[in-house]
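Both complexes shown next keep chain A, but they swap its partner, so chain B is in the first and chain C is in the second.
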Partner chain A sequence: MTRTTWQRLKADRYGMSGLLIVLFFTVVALSVWIGLLGQGWSEVSGNSWESISATHWFGTNLLGQDILQRTLFGAATAFEIGLIVTGFSILLGTVLGALAGWYSHSWLDEIILWLKGVLDSIPFYLFAAAVAFALQGNRWAMHLAMIITFWTTTARIVRGEVMRIKQREFIEAARAIGLPGITVVFRHVLPNTVHILLVQATIVFVVAIKTEVILSFLGLGIRDGVSWGLMLAESSQEVVAGQFGNFTAASVSLFIMLMGFNLFTDALQDALDTRRIMP
Partner chain B sequence: MSAVALNVKDLSVWFETQSGRLQIVDNISFSIKAGEATGLVGESGCGKTMTAFAILGLSPASGGTVESAGIEIGGTDISTLSAVQRRRILGRDIAMVFQQPGTALDPVFTIGQQISAVHRRHAGGGRNNTRQAMLDALEQVGFGQPGKIAAAYPHELSGGMRQLAMIAMATVCKPAVLIADEPSTALDSGTQALVLQQIKRLQADHGTAILLISHDLSVIRQSCENVMVMYCGRLLEKADCQGLFSLARHPYSAGLISCIPQISALKPSGINAIPGQVPTPSALPPGCHFAPRCDRAVTRCAQSVPGFGAGSDRGSDRDVACFRPL
Partner chain C sequence: MKKLPFLARKVLYGIPLLLGVTFVSFLLMVYFGPDKTYELLGKNPSAEQISEVRHALGYDRPFLLRYGDYLKELVTLNLGLSDSTGEAVSSILARTLPVSIALVLPGFVIGNILGLALGMLAAWYRGQWLDKLVMSASVVGMSLSFLVIIIILQILLSTPYGFNIFPVRGWQVVDLSSYLYYVTVPTLALLLVTLGYNTRFYRAVMVDEIERDHIRTLQAYGTSPAELLFKNVLKNSLIPVLTRIMFSVPFVIVSGSLLLESYFGIPGIGLVTVNAITSGDQPILKAVVGLTGVLFVLALMINDMLYSVVDPRVVSEQAVSKS
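Our next item is the complex of A and B:
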């Protein structure tokens, strides 16, 4: 990140508040991973459905587990899912999309588009269940199902963008100085899609966390540990009984985290854009 | 100073379409000596840019066919080289300056990064060496503070500065041949003069052979020793610049020259436009393509194609593809 990028980012107040939120959750997630926070997520430390108190800031759930501990652990779970799914699906989508776009209307493009079409036509939750079944309850089954299906959107966007960019004169100029095609793709085409990938990464991150909620609710999600999705699944029975502890903690945390990510990447996109004058 | 730097033999470019073959460049041959600038002039769409791309061996995006009997750069025929070998020559021995300086530079990299990339690829020799070559190239095209320009992104520069940076990029490896495709067309006349001046300097300092493509005869008159007139994919006249402007022998060349507005004309007589329109590549007239618009045309002109020297019985000191040259 150059100094000017950082300066532009610093001037964006919403972006900076987003960054603070993201940093806060990053610290929480790291603390959970190294064992400083949220370690008591599974121990029964009180009575059923205790209300907010000095020992249980967010109250307790049906089993008497501390909701704060579970919320903190859930932040780490969300981060883990978001990072893994976003990282791999964006990488896969970018590479396949770039190949399809650069060699558009070739056999390679046809194969990638066909693969994308097949994956897009399978109902996602059915697919997630199939993957979970096929992997015999492996804890990475959910991640894998998301990576396999989420790359298609990225690939479609990147393919279109690459097809647009490869018509531009600077690509011709790059070839005129003797760069081989594939080098041109990675050196000049993909860097020009970064601002789109950044937005796409946020969307995938957010969608991955949201999908985890639904999959966990369906019993296809997190196996060991707790997530905001599992908390919401628990709360579906609690809310009718007038207990909002789980529901509030999980949904408010989810909201703040996703909001923070959106604000931050939006600002980052503006700050990274060295090409405001570009059409 | 007399070695031939670029020699193009029988270059043709065509597209196969449903309605038949579209001949964009029709069997043209020419050569440029080291340290000489040759202008290629013609109306928009006559195949000038396609000629440039064909010389570089870059297939047009829409997939045309390029055929030639040889394209020699410094004695090496690059038309028969493999893609890998040719890429080693592009940018090092032959480079190109594009028409739109705004879009020919990658918007996400600084000028310095882009120029360095060319040098690193073809010359190598360590980071410091490359940086020095990059700064030198920028300084040579007339930037007083090359370090500042190197750190700038393309959008931070004006159009003229971008074109100069583009020229610096094309010349960082000191190529033997530089193809400049309408390098000054998108610029105002002051910047235009500056860009042309820098191209002339390169020619003088490094003995670079220059192919200057333009539709503007006055640009070519300012900066070239020789000129070639192109019409519908064919070369109609090859001459030294002075000769052409004092006496154009092909009626089309003469028409082009009379289109230049004359400030010295006593009476404003208007611009002498050539009657008729440029035919489209799908409906080229047989024989001489210019015949339908030519006031000297005879029956023969519409029947057979005049080659160079077709009208030599009328006395010719140069290559003119006309049966009845002026």
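Our next item is the complex of A and C:
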């Protein structure tokens, strides 16, 4: 990210509030990981359905567990899923997209495009179900399904970008002095796609967190621990009976976090795009 | 003359995709899927009994032959019997598919039309307050989870805590009024969850088109905005619009119905699939996954053919680049 990008980003009020929200949840997730917050998410600390009080800020759930503790722990779960899925799928998409773009119209490109076409053709939730089915209850089945399918968008974008960049003169110069293809790709082509990858990463992060909610509801998601998706799945039975504690805590936190990421992504996109004529 | 080889080439390109999609579902659902041998055997089976059952299930057949069997099942729609009910999978699908289509079609159609309209409006007034309003609303929509939208609508419309005018769950459709009674809440949910994405996509497409020089020229000639938008902008951006609609058909029908039907207890293909996931009903799952994949590739091929109808240059450009 260059200095001008940062200047432009700083001028965007919505983008900065998005960034603040993201930072807030990052701090919460880190605190859970190092053991400062949310450690009592599974212990029964009160009666069933206690209302809001000084000891239970968000009340308790059916089993008497503290909803605030579970919500805080859920933030860490969301970050864990987001980081793992984003990291691996962006990495995979970048490598495969760069190879396809650099060796475009070769057999390697054809194979990567074919693989992408195949994975894009299977509806995601069915694919996740199939992976869960094949791995028979493995706790990483959900992460794996997301990584295997989410890289394709990144690969498509990187492929197009690499095909565009490799026409440029500085690439021709790098090849003319005799650098091997791989070196040129990783040292000279890919660094020029970092801004696109950054935007793509924030998008994948949001999609991963939203997907976890649906998968957890369908029984294909998180198996140990607690997530906002599991809290919402529980609450779908409870709201009809008038218990809104779980639902409010999970849905509001989820909304604020996703909103933060979406606002930040939009602002980042605007700040990085020099040609864009936007408000 | 040129059209036939173009179409033939499109069909030819579809074949590796079809093979890939069916192969992935075969690999995951059949080859690595759960071993049913011991479910069918009594206690303390002998080695002979085991090999007998494995033979009956086809587990001892070579890999490629088993894949061939799976392909044959998909082509002939002879998909075997459900593990949990014993009903033929093809008749289950034939019974539940119309329910799913009836469930998601209104939301899908309205979502696209409304998204297109809002996208056009925002693109036309880009940078002004109307555009900002539409875009902010779409960010809010994108930040809401599908599940959260469903639960909020249910609280608002189907419980005593809200208006309580629609059913909490179920699907007893006999006539139009009962259809509307049961379909409204799921339709609203589908609408809200897709509208944000649709609007943003269509706005981006329209902005690209509106900024072209010929549009400015027409504007200078005094063409009315409505005529300009519908006759020039919309017509010229038909390709990305059609692509998006075609691409989302299998996804919305399957993925949308998966969540809506399991939430509202509607007996469509989604509920059947979710039940098959929880009970490990392999014949249903491998049929649903394989068939949707095939359906998607077919939609892709039809989409490419529609391109050549909408924009004749597609055919000639490809013919030129090939020669």
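To be clear about the criterion, the second predicted complex is superposed on the first by the 240 of 279 C-alpha atoms of A that agree within 3 Å, B and C clash if a C-alpha of one lies under 4 Å from a C-alpha of the other, contacts with A are read in each partner's own complex, and residues count from 1 in each chain.
By definition in this document, a residue touches a chain if its C-beta (ideal position, glycine included) is under 8 Å from a C-beta of that chain, and two chains touch if they have at least 3 such contacts.
These figures come from a predicted structure and were not determined experimentally.
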- Task: In the three-chain superposition, say which chain, chain B or chain C, touches more residues of chain A.
- Result: C
- Message: If we overlay the two complexes on their shared chain A, which of chain B and chain C does A:134 touch? Say first, second, both or neither.
- Response: second
- Query: Which partner does A:34 reach: the first (chain B), the second (chain C), both, or neither?
  - Reply: neither
- Looking at the overlay, does A:214 come into contact with chain B only (first), chain C only (second), both, or neither? second
- Common ground on chain A, meaning residues reached by chain C in one complex and by chain B in the other: 277-278
- Give every residue of chain A touching chain C within the complex, in rising order. 114-115, 117-119, 121-127, 129-136, 206, 210, 213-214, 217-220, 229, 232-233, 235-236, 239-240, 242, 244, 247, 251, 254-255, 258-259, 262-263, 266, 277-279
- Can you list the chain B residues touching chain A in their complex? 56, 58, 61, 83-84, 86-92, 95-96, 98-100, 103-109, 117-118, 121-122, 153, 155, 166, 169
- Item | Touch list for chain A against partner chain B, complex | 167-170, 172-180, 187-188, 191-192, 194, 274-278
- Note on the structure: As the complex stands, chain C meets chain A at residues 16-17, 20-21, 23-25, 27-29, 32-34, 126-127, 131-132, 139-140, 142-148, 150-152, 154-155, 159, 161, 168, 211, 250-251, 254-255, 258-259, 262-263, 273-274, 277-278, 280, 282, 285, 288-289, 292-293, 296-297, 300
